[in-house]
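These notes open a run of structures that come right after.
Both of the next two complexes hold chain A, though its partner changes from chain B to chain C.
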Partner chain A sequence: MLEEVGNMMLLTGRTLVSAVRPPYPYGSEFVGQFLFAMRLCWFPLLVSTIAFGYEAPGLQAANFLVLFGALDRLGGFFVLASIREFAPFVDAIVLAGVAGTAITADLGARKIREELDALEVLGVDPIKNLVVPRFLALMLLTGLFDIYALIFGVFGGILATVVNHAPLGPFFATFFNNAETTDLWGSVVKTTLFGAIIAIVCCYKGMTASGGAEGVGRAVNQAVVIAFLGIFAFNYAFTQTLLATHPDITTIIK
Partner chain B sequence: MEDLILTPRGWIEAFGEIVRFAARMLREVASLRVMRFFGEALRQAGILIVSSTLVIWGLVFIIGLECGIEGAYFTYGEGTPAYSGVFAAWCDLRELVPLVFGYMMAAKVGTGIVAELGSMRISDEIDALEVMGISGMRFLCATRLLAALMVLPFVYLCSIAAGFFASYLAVVQQIGYVSSGGFFLIFWQFQNPPDLLYSLIKAMAMAIVIVIVGCYYGYNASGGPVGVGTATAKSMVLNLVSVHLIGMLGTQLFWGANPRAPIGG
Partner chain C sequence: MRDDAHSQRGDVKRTDGKAVSRVSVVDESPPRPGPPEGAADEEYRWHSYAVHPSGRPDAVRFVDTYKSFGRSHVLRGLNMALPEGMVSMILGPSGTGKSVCIKHMVGLLYPDSGDVLVHGRSVPDMPDDELFEMRKKFGLLFQDGALFGSMNLFDNVAFPLRQHTEKGDDEIEEIVMRRLNEVGLGDSRTRMPNELSGGMRKRAGFARALVLEPDILLFDEPDSGLDPVRTALLGELILEIHREMIEEAKRKQREHLPTFCVVTHDIMSARRVADYINVLWKGRIVEAGPAEEMLGSENPFIRQFLSGESQGPLTMD
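Coming up: the complex of A and B.
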């Protein structure tokens, strides 16, 4: 267990070093992986964020606020709920579950077909040519998809407002009154780092797949479990730090 | 994977097949034919307890902490730190614990089943079972579903406890804007046994769908070891989408028209 964590750290270090050190042969692979992951993820992410936004912060908070006749405050709640917490987290879960598993399955298949060994024999560095492009693509994509998740998460909140037969103006008014740039950059930085975690865990598990028929399936299983745990643990640490060091974003301006 | 996502036709076809598969599996369990292999179901239940419970509770614990800190800071910002119990109670019990339970079930148990059954399929072990006169569907899939039905309600109730404990730690011990007594007063006022039952129904619906999807992709895996890996990845897509949809429908059904809060008219 500890050994695996250590190996992942080593892989992170080697990926970072070989990403910045010339030559840079990974351009086309980077574009390919970026488009591949985007094609896989856009639809599950769309459904998931709308469902989540409508369900958890939308319906439940609207129910609570309607009791006080203060449904207009739902917009302010969505800043906290969607931007700071749930959009990043659904984004990361979907990226890990959809793109991450696909990467592990792909690399695991190459590993057990001994294609990775063949690459090394040819003098092609698998880290530079396979891991680095996936690492950069997932980081960029998770960060960008955060904005996408955020928009559709807020769309879930709009649905909840409409279902309660309330006008949308107050929703947007409290939303933009409470929205801080700190929240937004915190959210994007957080998801970019989630992307790095997902990429490293999934590449590591794919490249160390072994054991015949069950090997690749096992690798995917372990990769997604470790990625989820890593995402959640990191999310807790990040949110805690952000909230404790930026008391201004927890103040509600009405 | 591409055909599953990109073409609506492939999507609908796959959905129909999964529904047919699910109906066969549920029939095996409901007609009690699976009881012939009750020993195997008990073994699967044991595997589920030993290998998956801790990691599920761990993830729920972390989300409990997160509900706690968000709730504490949010209610402090509103000027009502005494009410952080409301946020913790609703966030944990109604929404996040069922969802996170679903995520971890999909990741640990769902993909585990695909990997296991898929490797049995491609090494022709399932065919060997059928040749010996044992129904693979009954012996492999129905026993896993029965095991899940036996074990998971208890696993889920314990994970709610883990989430509650974590929220208490975060709100009272760590942030400390509210006293322990004040927190629990509000916390228990804003939930009651029907809420717990609804939350359990939501989580069990997710768990059943996840086990069925896992069995479907594993049982129908093809294309060698690589195919097993791809099937495992595919099952995750469907599981994540269905977890979110079940969560949304459950909330709409159970709490959509009635907030079930001890305030207001």
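Coming up: the complex of A and C.
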């Protein structure tokens, strides 16, 4: 297990070096992977963010806030819950589950068919030509999809407010009172790094798959589990650091 | 590392007391190497380690190579050579590390200890850039062809040319079609790999391995999954192309004559195709030499293996 984590770190290092060192043959693969992952993810992400935003921080928190007659605070709560945590989480989970697994399955199948070995023998570096474009594409896409997830997550909150027959004015008022630019860039940076974790884990697991079709299945399964764990662990460290370095965002404003 | 291996084996030799003194002045033949660490001498009793000279320089040479994957020791002090300009075979029962040998030659795997030399240069010691350069000397035919699933046949075969040369589209087209026609796939240029049969994929992989005119061509079990007739035809194709390439190399006065190496456990193709045979078992060469001498070998293991009989030293265990 430790060895695998070490190998993934090593792969991260080699990917970063390969990405910046010329030549740059990965342009078209980058565009291809970006569009491929976007096509796969946009709809699942739309459904999950609205549903999740509506249910968890939306309905449940609204039920709780109604007790105090403070439903207007739902907007402020959405800054804390949705922008900082839930939207990035749902974004990362959908990206890992949909695009990440596709990457592992694709690279795993190529590994099993010895295509990756063939590439290397033909003098093509699989890291530069396969890992780097996936790494960059997934980072960019997860970061961009975060904004998409924020919008639809907050839309879930709006739905919850409407369902409670409350006016939307107070929702937006408390929302914008609490929202800081730190929240936005923190969220986007965090998800961009989630994308990096997903890409490295999924590429690593695909490229080291062994044992035929069954091995590819196993690799996909492990990739999802490790990517989730990596995201959870990194999120903990990131949130702690962000709160510690930006104490102003811990103050809740009326 | 290598010295360690030597001394370990030296110790084993001394403890079992059978070894000849290393400083003997009477016995001129090299002392018989002891078994690898953790193995009984009994397991290696059929290894005569005899190497009949080929009279050619070595294109590839393994020197005391050890390689383990976890607890399975695959190469256990392998000393093996592939002579230049010949069709060599690495023959051995299933699971003896034949494919592992190929991956060592092209630097896809590195030995735990020992060395692999290609035209006299050590592969494990090469920096990455040199290794990528060195790999252009090789053509490698993988077991299932290893064609790129996202490209059609033509693009697959053209791939190495587009990657490594500055040739124009017309020239690439000409080379690719010549190779595809040679392997009998000229009509299938636009087909995708998953539309091809196993034998066709292998032939396409062969064409792709040929386009850069490599000095060393490696075939990883070209006969696996093929019927006997197709295997025989593929064997003939290998011989024919080797002959052509030798003539071309002589005409162009190239530095190295093309070397082919076929890894297989199929004795029939070995008999038909091989100029030189290495018999590999338990991670070491049992005996090696030009095909005629090997087919007439007195070693019971070699005789059994090359005639494919059930009676003899090689059993199911």
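Throughout what follows, the second predicted complex is superposed on the first by the 254 of 254 C-alpha atoms of A that agree within 3 Å, B and C clash if a C-alpha of one lies under 4 Å from a C-alpha of the other, contacts with A are read in each partner's own complex, and residues count from 1 in each chain.
Operating definition for what follows: contacts are C-beta pairs under 8 Å (C-beta built on N, C-alpha and C of every residue); 3 or more make two chains touch, one makes a residue touch a chain.
Note that the structure is predicted; figures quoted are calculated from it, not measured.
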Quick one: classify A:Glu85 as touching chain B (first), chain C (second), both or neither. first
Let me test your reading of the model: by the given contact rule, A:Val162 touches which partner, first (chain B), second (chain C), both or neither? neither
Once the structures are superposed on A, label A:Met9 by its partner contacts, choosing first (chain B), second (chain C), both or neither. neither
I'd like to know which partner A:Leu122 touches here: chain B for first, chain C for second, both or neither. second
Between chain C and chain B, which one touches more residues of chain A when both complexes sit on the common chain A? B
Just checking: does A:Arg113 make contact with chain B only, chain C only, both, or neither of them? Give me first, second, both or neither. both
Between chain B and chain C, whom does A:Phe68 touch in the aligned arrangement: first, second, both, or neither? first
Common interface positions of chain A, toward chain B and toward chain C: 109, 113
Under the definition above, what is the set of chain A residues touching chain B in their complex? 39-40, 43-44, 47-48, 51-52, 54-56, 59-60, 63-64, 66-68, 77, 80, 84-85, 90, 93-94, 97-98, 101-102, 104-106, 108-109, 112-113, 209, 212-221, 224-225, 228-229, 232-233, 235-236, 239-240, 243, 250-252
Can you check the complex and tell me which residues of chain C touch chain A? 103, 106, 108, 132-133, 135-136, 138, 140, 142-144, 146-149, 159-160, 163-164
The residues of chain B that touch chain A in their complex are 1-2, 5-6, 55, 58-59, 62-63, 65-66, 69-70, 73-74, 76-78, 86, 90-91, 94-96, 99, 103-104, 106-108, 111-112, 114-116, 118-119, 122-123, 224-226, 228-233, 236-237, 239-241, 244-245, 247-248, 251-252, 255-256, 259, 261, 263-264
Interface residues, chain A side, partner chain C - complex: 109-110, 113-115, 117-125
